[in-house]
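See below for the structure under consideration.
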């Protein structure tokens, strides 16, 4: 099954060796973005993945697409255009110092995308699944139009649709709130990943218990087949715990909680979780307990891969699920 | 004599080791900009230099000012504000491959500067010289307003004023042409650095001979005490020649032409030339022949310092003027 | 027109900063190989390119394919298999010290390829051009069988075929000489790139004059539509000259000779030349003078791109053809 | 309030990536020294800081001052002179391997400083606070003379004086013991940072309980307004705990004990603590409990900044005081 | 006492900064191999050590020997020959991601060694101890012949012999099992290091209790004076525990178990343990408890030295034995 | 024939990538010194070489000896002692910017060496040649005493003695001039390398013509069998010419003059020349023309090896002598 992921990709600039932005004289450069990260994960896990975005027609735009294509994703439906490459600066924390992200993504190719630019009927040919996130409608009215078009055509083509709510409070600056835009988009979606904060901001749904929260969301969007959440506790910048939850058929399934010491790079772990869910749900028959555990193990391993992409393969994820905590050298 | 330089500073991102933008995984990061480069050169040459700009109040803005302060320039009159740090990507050429610059400077602190933001009477206290360039009025109406204010107050305070015309065709995008803005600013200026292209675009002055060109500019702006030009021939990306011209008292003075093999970094060499002129003109009595030779030798040495700043000191410049072509180890 | 390139790709390990193999503590790692280099050049020049090889099913094999896919080449028809990744160590010379290559490519995926492993009828679907080189039959009997199969099926499908003779004296160790193998393969080929040494070793053809040599080769293989050669003079490891020759319709066309100072990386320049020829010949109508000049200019620019791949684009090549010797900054 | 810090700065050379001195082929170079570290911290925390030292008039000396000036410290009162730059080699430990420091600071600019070289009345103009440490009088008789001069004039100008005892057993090699020199210098001081070992070696004061020790020191130097200590436990080279103590008005105030896993660089944490105290005490009214907690949190964060300088800002320190243990990404 | 270590050395290629093999663009290059590692440890601990191997007569072979000689080991008895340098790729894990080793050692100098090539009587002159491992006979029949020759002559010269069983399941591919080869080689050996898996595969000895296992091995090879084992638990890729066991005179001696957080590089820790045993046993009188503790502390410290070699010195090992857990800076 | 080289080795710290000392944040670290450089060259050229020095008993001292031992030199006769490692900072020039050396070598192990510390009779056992340079007696009276002892014993043992005059004007600071010390040391020497400046300062010999100069030196020291000079012209920091002269049997022999573009590192080229002479003179029969050409070609190649050591081998030197100017890739 071909899965199309649609969203923004950015150039990420990160000082090496835990240096601070204030002191660095070099930056490590990778490309990433929530939906691109999902696409790469899918390809690493053996799925047929395509990625659609809009990048400027300069070296940075071409490098961004190349970075995704390198891992087996089809990027040929992406557009070139827009003023500049969106970028973000990442200062990787350690111990008691938090990681810090400085976004510089205004006026990017995706932010200046407009409705009608993408020929969705062509893009979505031979496609079984469309993945998007709440970042795209947060960028600009044109990007919100584009995702709405995509969803309408996907629905028309009876394509599965998944969404990661992915709330970013530095976005939504163009005069609309998520509550004005998101609900109608979620109406087209059948697999949802979110968190309590996004459920509140997007849908006005607040509940103290996780089960009640999931039930409320399920009730609000009855077409949703699966609702997922992840839970993280951060003991320090280098040591977190991570677990996932999947709501399916009115039941709540929990993954184990993974203890994550000595973290290398947590950016993209939510996308790794999302990709794990998609892979699991595309395989029949879907076993919710196994799926959420697989997705959480994938997310856990992402913390040990630098860059936005989760370059973990299925045998590695299954090995962690089987209790291999990393202490052996794999010769 | 305290010299104030006013203009934009950018984060420069350059792939290491002559890698291309399309292939690099790291960037070398330095900060630079025409007027900041002049300020650093002045400080390296023993002058009291101050630098005024506007940068965002984030780590990048603070790092930019620190990069200038590190070399002895007073940056305390600079403002914090604006959405983002301007930046540019530099791909350093070699041999038959040209160097390439990709600007990404829109909406920077300087581009969103507005008239009245800088308290010029305070900034220009105890100041004998103000340096600006044609980049600032090219950024935005507000930046053009700010430089006009500065010039008016500097004139009122009887401060010397120098300008590098510095034409950038990627700028001037806000609805005005240089011909509409620059002449009235040059009216306040007494030392001018330019080239044939800028004289044409800014003032509509075209002449085939260098002498005639300089005379026409001098006639157009009779308050100008000195007009300078530089001439470069590029045999390859790594091998140029460089010389300077100074028009003073109706005479044209030429520096020697320096042969420049094995260039490391030519960005900022014009600013090094400008700083050499300012230093020479601030010392009494001014000998135009010595001054243009000093300035050209300074510019020549800039080609062998990485980054925008010319970290060459006076003994090094004088040594080149005395014929030391670099072949000896200085133990 | 889709072009399929078939051959071996290797991991190239090169000490940084002109360090010698004896002293380095790090290696820069890129992937390259004659036919992969051609494929990447074709994609950079806007052609539809595919690359077929056989690499081990481990991280290195996947990284090798990803390195090619990153630049827009379709690698999905490649096979995984074989014991190990072929590799080579490159010590980049400078001035009076020659560059040095240490091959370590035995028992690679391609060397252990056997006839019948590749389904050529499927691979060559929708394909208009097949490119191969003399390296493949030099690896092993199985690789020689595979290229013969490919050529037979391509001929059957009336696909254009180009070959770079690419003699490597460290190969041909399996009991056959090029003279025993190559002529029958060239019989299927219509565009040939070679040099005097290869014409002698492969076909026993020796002539003092270039024109006579080309005529002899053309007479020996009457189906050849085009025969090309390149000529290089090495003043030092860092300074060469380069020019190309194209024999077409009984005429000899010469490119200008490009002076190449301050070379960064000459590996792959012959492949850049080959790709320039293929691109030129695929465009109608073919102008031999323009084609050989385009190909030589492409090869000239390759000397200024690190790694095996020529990441130069058409506007850059045309700019050099138009006399831009690299001395200007492209802002 | 302007604070002047006086002491030695060194070039610090540290192998990258936890390599050992015996095996490294590169060194990371930063500049640091106890009093310079305090000055930079003060400037980062918004205070007006100046730094006075003596460095050789060569590139290393200029780079050292630039490294301090870059973070907003006024270094213009420093002297150029002396034979060489003091330096130290730092081997950063990990886990069970301790960090190691190799000093090479003899005959430095500060070690060859002599009384009368610094014009303290000019240096201490417009100054409200002078900070020094026990390292300076340990360098040489001339350095001890210079600090005595500074203290006498500061006392005369009614400037606040703080001292970090900072015992280094590799120093004090010129024929005097700390007990012979330090007490008379402490007589001028009103804020003191020390530890049990220094109290013993400098003043012959030994007590088992912390409270008794602080009372003894307070009784011995009745002019002291504040006495501070820090306590560290080292579980491993990468995991310590850190807390501070402040004795004020006959009461002992303790900061929380911070657990510090995954340490990046602990050098300079004592100086970060000292700077936190100075900042706290300069703000009115002084709340000893809040001050010692602020200083300890500043020191805790220093463990997560590479180099000698604590590039943490007040919001980060307050965030740690408020219980943010580093586990969130600050977007 | 001169100790000769005999075995294979490889070029180890490791991505920096915990990058994965799939994504790295550089490799850190060191040389290592079990017996070379032992030799370097011995030299670091003050013993007279020699190393015998066979490497190709190219830059890599010479660099390999130089890497060992650099730390004071006599490599002059090694041979040059064979097709290629054996190498291995190491992907260093972190947290929940295991480290991974990719061997590429076929057809190396040692693998193509044959009986009679080494003049053992000359090599073993003035030698008191010969160390070998189970890797050598696993490479090829020729290598197995060579070790047998060495052992016979060493026995004839009454040289002490130690062996580390060092089972590698990627080896033993030439048609023999360890059970067919190893027992007769162990018959010559008087100090043995092994583990339960090797005792089973090599000798068919299985026991549930450690004591019983050691007794069985001792009974099977009555000439063995000492049998050692090490025990490791891997909580994560970055956190292990390590302890050693020594069986001597029918008694079992255990080292403390060292907790090893924040591991840098565990490759070679078993060789560090082996070297610690050899050093201890060469010193008279041998105290088994002290020896096994010394060896385990040496192995513990190896985890904090990058590369295969344990560049720890005796004072560091004794400091750990005395309870210094690494938390102090050694100034 | 075993050759012993005696002199000082230093840690050399060099900014990477042509950065200036004022701006670098890292240093490349190698070890080198005139006589160590000769020893390594000798070993690379197949001679049996030993190196004697005195370094501090710390990691830097051990690393220095290891750096020499790594290339096959016997360093076991060196002493550990003295306060500190001598070091020098090297700023590598380019084009019009000269390279710059900043020495920091006072109080090193060699500078604090004293007569009697080295047991020369043992050191010079089985030795046929002793090499020293004018740097050693320039360090301190004790170092001058040590070299005199060495020469007396070498003379007594009828060992050949060579000397490179190697004048350094930053040395000779202990109250003696070279003219007071050197002549008596040269009286023991039979092969001398010098230049016009040293002949003047050491011996008061000045002549305009090279031939007359050599004759005067030969007349002054009649025991000298060979006198050599080298001549360099520096067109720029990156482009020199180099040639050698050998005076033997009253004849003057000149090498070709090598054009040296794109220089990587010229430090140590004189030592490479010296080593070439020693190798040539140790082989019988000595052909002065061939020897001086070999030595000059060795020196020429040194310009293309980074670090102090000339890691060129005989086939490379002979290839240059045969006219291979570096333009071919050595596959």
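Here the chain labels run A, B, C, D, E and F in written order, and each chain numbers its own residues starting at 1.
Here is the rule we go by: a residue touches a chain if its C-beta (ideal position, glycine included) is under 8 Å from a C-beta of that chain, and two chains touch if they have at least 3 such contacts.
Remember, predicted model here, so these are calculated numbers, not experimental data.
Enquirer: Based on the averaged CA atom positions, which chain is farthest from chain D?
Expert: Measuring from the centre of chain D, the most distant chain centre belongs to C.
Enquirer: For chain B superposed on chain C via Cα atoms, how large is the rotation, as a multiple of 5°?
Expert: 120
Enquirer: Could the interface between the copies chain A and chain E be described as same, meaning over half of its residue numbers are common to both, or is it different?
Expert: Looking at both copies, the contact residues mostly diverge.
Enquirer: Calculate how many whole Å lie between the centre of chain C and the centre of chain D, each centre taken as the average of the chain's C-alpha atoms.
Expert: From the centre of chain C to the centre of chain D is 62 Å.
Enquirer: Averaged over CA atoms, how far is the centre of chain C from the centre of chain F? Could you give it in whole Å?
Expert: 45
Enquirer: So which stretches of chain C touch two or more other chains?
Expert: 16-17, 20, 22-23, 25, 66, 262, in rising order.
Enquirer: Which of the chains are touching one another, listed as pairs?
Expert: A-B, A-C, A-D, A-E, B-C, B-D, B-F, C-E, C-F, D-E, D-F, E-F
Enquirer: Could you list, by residue number, the parts of chain D that touch chain A in their complex?
Expert: Interface residues on chain D, with respect to chain A: 16-17, 258, 260-264, 300-301, 303-307, 311-312, 316, 319-320, 324-331.
Enquirer: Residues of chain E touching chain C in their complex?
Expert: 13, 16, 20-30, 58-60, 62-63, 66, 83-85, 89, 91, 102, 104, 106-107
Enquirer: Touching chain C in the complex: which residues of chain B?
Expert: Residues 17-20, 22-23, 93-101, 103, 168-170, 232-240, 262, 266-267 of chain B touch chain C in their complex.
Enquirer: For the complex, which residues does chain B have touching chain D?
Expert: 66-67, 69-72
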